[in-house]
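Note that the chains take the letters A, B, C, D, E and F in the order they are written out, and that residue 1 is the start of every chain.
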Amino acid sequence: MRENRLRTVWARGGAIVNGWLAIANTFSAEVMAHQGWDSLTVDMQHGVIDYQAAAGMLTAISTTGTVPVVRVPWLEDGILMKALDAGAYAVICPMINSVGDAERLVAATHYAPMGRRSFGPIRALLYGGQDYPKHANETIIVFAMIETLQGLDNLEDILRVPGLDAIYIGPSDLSLALGCTPAFDELDPPAAEAVEFVIAKCREHKIVAGIHNGSAEYALKRIGMGFQFVTIGSDARLMAAGSQQVLAAMRAGLESGN
Amino acid sequence: MRENRLRTVWARGGAIVNGWLAIANTFSAEVMAHQGWDSLTVDMQHGVIDYQAAAGMLTAISTTGTVPVVRVPWLEDGILMKALDAGAYAVICPMINSVGDAERLVAATHYAPMGRRSFGPIRALLYGGQDYPKHANETIIVFAMIETLQGLDNLEDILRVPGLDAIYIGPSDLSLALGCTPAFDELDPPAAEAVEFVIAKCREHKIVAGIHNGSAEYALKRIGMGFQFVTIGSDARLMAAGSQQVLAAMRAGLESGN
Amino acid sequence: MRENRLRTVWARGGAIVNGWLAIANTFSAEVMAHQGWDSLTVDMQHGVIDYQAAAGMLTAISTTGTVPVVRVPWLEDGILMKALDAGAYAVICPMINSVGDAERLVAATHYAPMGRRSFGPIRALLYGGQDYPKHANETIIVFAMIETLQGLDNLEDILRVPGLDAIYIGPSDLSLALGCTPAFDELDPPAAEAVEFVIAKCREHKIVAGIHNGSAEYALKRIGMGFQFVTIGSDARLMAAGSQQVLAAMRAGLESGN
Amino acid sequence: MRENRLRTVWARGGAIVNGWLAIANTFSAEVMAHQGWDSLTVDMQHGVIDYQAAAGMLTAISTTGTVPVVRVPWLEDGILMKALDAGAYAVICPMINSVGDAERLVAATHYAPMGRRSFGPIRALLYGGQDYPKHANETIIVFAMIETLQGLDNLEDILRVPGLDAIYIGPSDLSLALGCTPAFDELDPPAAEAVEFVIAKCREHKIVAGIHNGSAEYALKRIGMGFQFVTIGSDARLMAAGSQQVLAAMRAGLESGN
Amino acid sequence: MRENRLRTVWARGGAIVNGWLAIANTFSAEVMAHQGWDSLTVDMQHGVIDYQAAAGMLTAISTTGTVPVVRVPWLEDGILMKALDAGAYAVICPMINSVGDAERLVAATHYAPMGRRSFGPIRALLYGGQDYPKHANETIIVFAMIETLQGLDNLEDILRVPGLDAIYIGPSDLSLALGCTPAFDELDPPAAEAVEFVIAKCREHKIVAGIHNGSAEYALKRIGMGFQFVTIGSDARLMAAGSQQVLAAMRAGLESGN
Amino acid sequence: MRENRLRTVWARGGAIVNGWLAIANTFSAEVMAHQGWDSLTVDMQHGVIDYQAAAGMLTAISTTGTVPVVRVPWLEDGILMKALDAGAYAVICPMINSVGDAERLVAATHYAPMGRRSFGPIRALLYGGQDYPKHANETIIVFAMIETLQGLDNLEDILRVPGLDAIYIGPSDLSLALGCTPAFDELDPPAAEAVEFVIAKCREHKIVAGIHNGSAEYALKRIGMGFQFVTIGSDARLMAAGSQQVLAAMRAGLESGN
């Protein structure tokens, strides 16, 4: 089975720089995959992307060595299994608030006896190889999102659930849950402390931690704190930010030109 | 009929800042339309976009005041008419090399007696208003691309073809045609001179000139030269360039961190 | 944030005339949006429409002032959040049978502390404006469908759930649940009485009530009863009914012509 | 090979009542096909429909006995052949202005020795049957649109081109070409006379004539004049007209209710 | 209402030969439907197919007499109802492990009073006929997949749930659940015994049994054992297997040719 | 620039085994690409495939080392350029009947000074590499289809057109043109002789020859004759043929079982 480069990099203590896809398009996914991101996450939760589009995007990512990841919309067995069958090498699942949630997530994403993932890795066989069924359980990576008070309260127990590989933090949701303003980088103190709590506990339990960032600068800080999976920007954000830069330069130039 | 803001801005001597769309997606078109571009061009020639996708993108652009433009793949009556029926307020047509080409372009894009555009402005009625049929001939804008030696040779005659509103230059193609290296901004001398020749002749014949650019800096120079329609970047390029910036910052930070 | 015209009209005691979309197409949604409906509901439950198509249709509706509404297929957090992120200003949720269902519906559709809607209003920001996150909880409208005996039994408690804005009745489902023949307008007595019970209780609790209708005549009756949101027809039904009229006229004409 | 019911009905002197599709959707095409239209035309010229969508719509029509017709965007061999390969039993081709145009149309739509249609009836074999290649030339129907002065001038010669089965008139385009206001039914005198000229010549040469109409009333008049293929309405128009009726009734009712 | 040929064949003791669709495409579904399969199952669980594609494929199957079946991704009310509304005449539901699961499956797929299927058979009316609502409960077929130890343990109780028509076995999943290697035909003894247990119990309770097979040879064996619904191959597998045969012949020929 | 393995194999005298795609789907293209075909041709002429689908299929093929080829619908500059921009490494163009046709084909597919291909290799840069513009003219392969009497008459002159790399024969079309029954393998004598004439002349002018086949057996014969590019089967045909085998086995088994 094709290696999961996330595991390889993590094993040597390195960090993964992850890009984010919110546009349902095969070509834009392929463009992003050629930029050199370690991994790319197809966001089926907040991106404007459903399963059919996601499947094509995973194919587009597979034209390169970039690792394909999917964030599913919700903790639902059907879509978790479909994302893996379509060839995702990691899934990020929102709203893991309890040991029960974490166990259900692990069950849905691993074949028996570890779980109850249904058998039919239709595109995963093409991407991973014919021995995918044998090695999938140890190769695939499962991220649980901690984004509620309840999730924080249960964090240590969640981290002990066998089969869970990593935690992922969406700072906006965590901020909202703690009564703070949603933000990516500079968080209100309670949210900032929660982030530190999570990374500390992850290190303690030897579970990888990942986090969303608004800038490279902050992503580097997060790596400094111990995060091994950092997301920066997204296809749509980069496009909008680039447009803003161009348009600001044009406005400035046109005004000074008068 | 809804005004064509390109005409309004040009009438007062201003320049249009045009964005470019190469990704076949309604959402990314809508994101781009919200950034403040004066107009957006759906590129059916070199973009990964066909008619069906283009029609949805024109709808997405119509959620804002940005003017919808289409570059058609080729001088073919069928697609020119379909682009206008779908609500494009301007069309850019490649490879206008002779008076005959220019006349065919005008004929395909104007209703009788000015041309032979077939009647059926199905989405254009929604976008332009119920009086679209009466005013379309004077409202719609037609750009001819000059991108060959033959086109340069015939330029003055082309500029005299009634109904042609504007010229558009793709510096890469013009460079290739003149035996130069394809480039967007800093052109080889023969290509640079050809650009100056085109703008001079356009001004002489009171025809608007437009050009593709690689940067805001160069677009401003082009406006200074008299161009009134400048394209900078594209959805896919901005996304790729933004990714490169982020990834370079990450690599630099990670290396210095060691 | 862009106002929700449903709230504005309701606040002054008026009624909303709502159209219905069952065809997964951007152009037909745009045609419908230009007809003057106060709101249009993209029906993801019984329409032949999934999320990806719905997102494009919301864009098409956004070319006009018509308010975009989505009926989700089921009470599932993932799709409720995706519909709102895609820019729906109201959601209609089937099968709210208990206070628990209603609370879950409110939780999924409101940001903390009112609920647990996940943060990522990707297209909603474009449609609603940059301050969408601040005002979404008070702007978005949530309809609960009452369509079972259990729902009727629990109606008063459901109406007291904070954050629930409105009730929606599908007369066919309500009829079925009460052992009556499914119908839109002329209902069997038990169903007719149930409708009266619902509108009476809604008025008592100052909750808006909405209902599906087969004709304008009946929709007007429902408004007379106090309903403030009336649906009539659908894209597919109007198309079929119009075809029937034309074909009947043709048959009659051709027969009399012999 | 499956019979072409257009030929059967015409052979006994009858007229075909044809519906029109402008919405690129399989479900709406299937709804229309179930209403009882003799034939349905997928309009790739002015409809918001490209080839891929058209192919699915032909499949949808094939769930019924309604005869599938395609109007191509333009006289281009590629799309004429693709429309037939996809299972169209008749094609309507715009802008046949000369004998040369008509001959090219016949050549593109018939196998050798009658024409030069390329061999590969991929979906036509499914729809028509395994003996499609043998009988296609005599079964498929080709309509030429007469919509310019030049076309009217050359009409008699065009009607003599072997392999051409029928003429189709778009009254709007014919009106425009004659300097009249585009209209469907009540035409300005020059356009009305041109219609009479066309039907007279068609009868003389025993070529079927078809025409677009805005109402059943007018379609019946046209049949009275000798037309054997009458189009009325379209999916999008019927939907819009139905909406206008409902909304007018609602406005009237609401106003009188005050 | 159109008959369900599955019921007809089963009533006379016969077996259904079922094909399988994993490719999200209308044309390939139509090709498969013309091959003569008794029924075709659109696999939304492990196929690369979502709802929107499935709906078009059901239309494609409806061009023939082949019975349209859908395997849903999971036991979720929303998708079960959408599959039936889109015209599926049978649904196969994964992971029915308990009486509660089976009851929920029956409830979601039958109208009141038998269940709580929501009313809106939008495409089913076209396919089944206008009297679909009256007869759907007795016509539609519901398969429960038994694929876990828990499901085997509860089999007899599951078989007694009124409204459940049939059991479907995926040998791979059953094998995995029993600690065996996933396989289609030659199963490890525990899995083979489980298959025999299921068929024996189904016969006892007069419930139809269906099973997935890797070859015609094995499907015939399964029919011999009493199975009345046998699946063989899939669009994607047949295409891949056919390619392998061709490529092996080419390699052999080219080598021997040297 | 990524090598074109067609050139490499041909240079050493070898033959390419080419598969054929008629189904517009990313996943089925990816399945086919993983079977080991040397190249795969996306058939935009007779396949049910348009440009947008083709672009995604080229991406799917790019997940493997299989060489991506496109057959365009017709000799039209627009689609030839779009196919190359989308990353096709070879194009097959129908109906090359004269030197003029061949010259136009070469012009449309090569950058100046060799031709007039417009500059914008949007996906080709991703697939071929950043130096694509420099090497495309020598890397891309252009096939001309000889399928008419006129084409046969002009063959020698066509073979002398600089920039033309290969000839492709569709035996069905060639048969039709010569008054023979359309067939793949066993051709009527005039068609068989024409095939021999073409291969003889190709060898004489050192131009590669390719041909469509119905079976591996025949493809091997064609290689023996000197053809260096042989197509066998297609996704849809393999699927249909595999279904026929399975269904025949089932029928035989069921009959003998009685």
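Note that in this section a residue touches a chain if its C-beta (ideal position, glycine included) is under 8 Å from a C-beta of that chain, and two chains touch if they have at least 3 such contacts.
From a predicted model like this one, the values you see are computed outputs, not experimental measurements.
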item: Between A-E and B-C, the pair with more C-beta contacts; value: A-E
item: Separation of chain A from chain F, taking each centre as the mean of its C-alpha atoms, in whole Å; value: 41
item: Chain A-chain B separation of Cα centroids, rounded to whole Å; value: 38
item: Residue numbers of chain D (touch at least two other chains); value: 22, 24, 27, 31, 34, 48, 50, 52, 55, 76, 79, 122-123, 236
item: Chain-level touch network, classified as line, ring, star, complete or other; value: other
item: Set of all touching chain pairs, with the criterion as stated earlier; value: A-B, A-C, A-E, A-F, B-C, B-D, B-F, C-D, C-E, D-E, D-F, E-F
item: Chain A residues touching chain F - in the complex, by the definition given at the top; value: 26-27, 30-31, 34, 55-56, 59-60, 62-63, 122-123, 126-127
item: Residues of chain B defined as touching chain F within the complex; value: 22, 24, 45-50, 52-53, 72-74, 76, 79, 94-95, 147-148, 170, 172-173, 176-177, 179, 182, 236
item: Residue numbers on chain E that touch chain C, as the complex places them; value: 50-52, 55, 76-79, 81-82, 85-86, 111-113, 116, 118-123, 133
item: Residues on chain B engaged by chain A in the complex (per definition of touch); value: 15, 17, 19, 22-25, 27-28, 31-32, 34-37, 48, 216-217, 219-220, 223-224, 232-233, 235-236, 238-247, 249-250, 253-254, 257
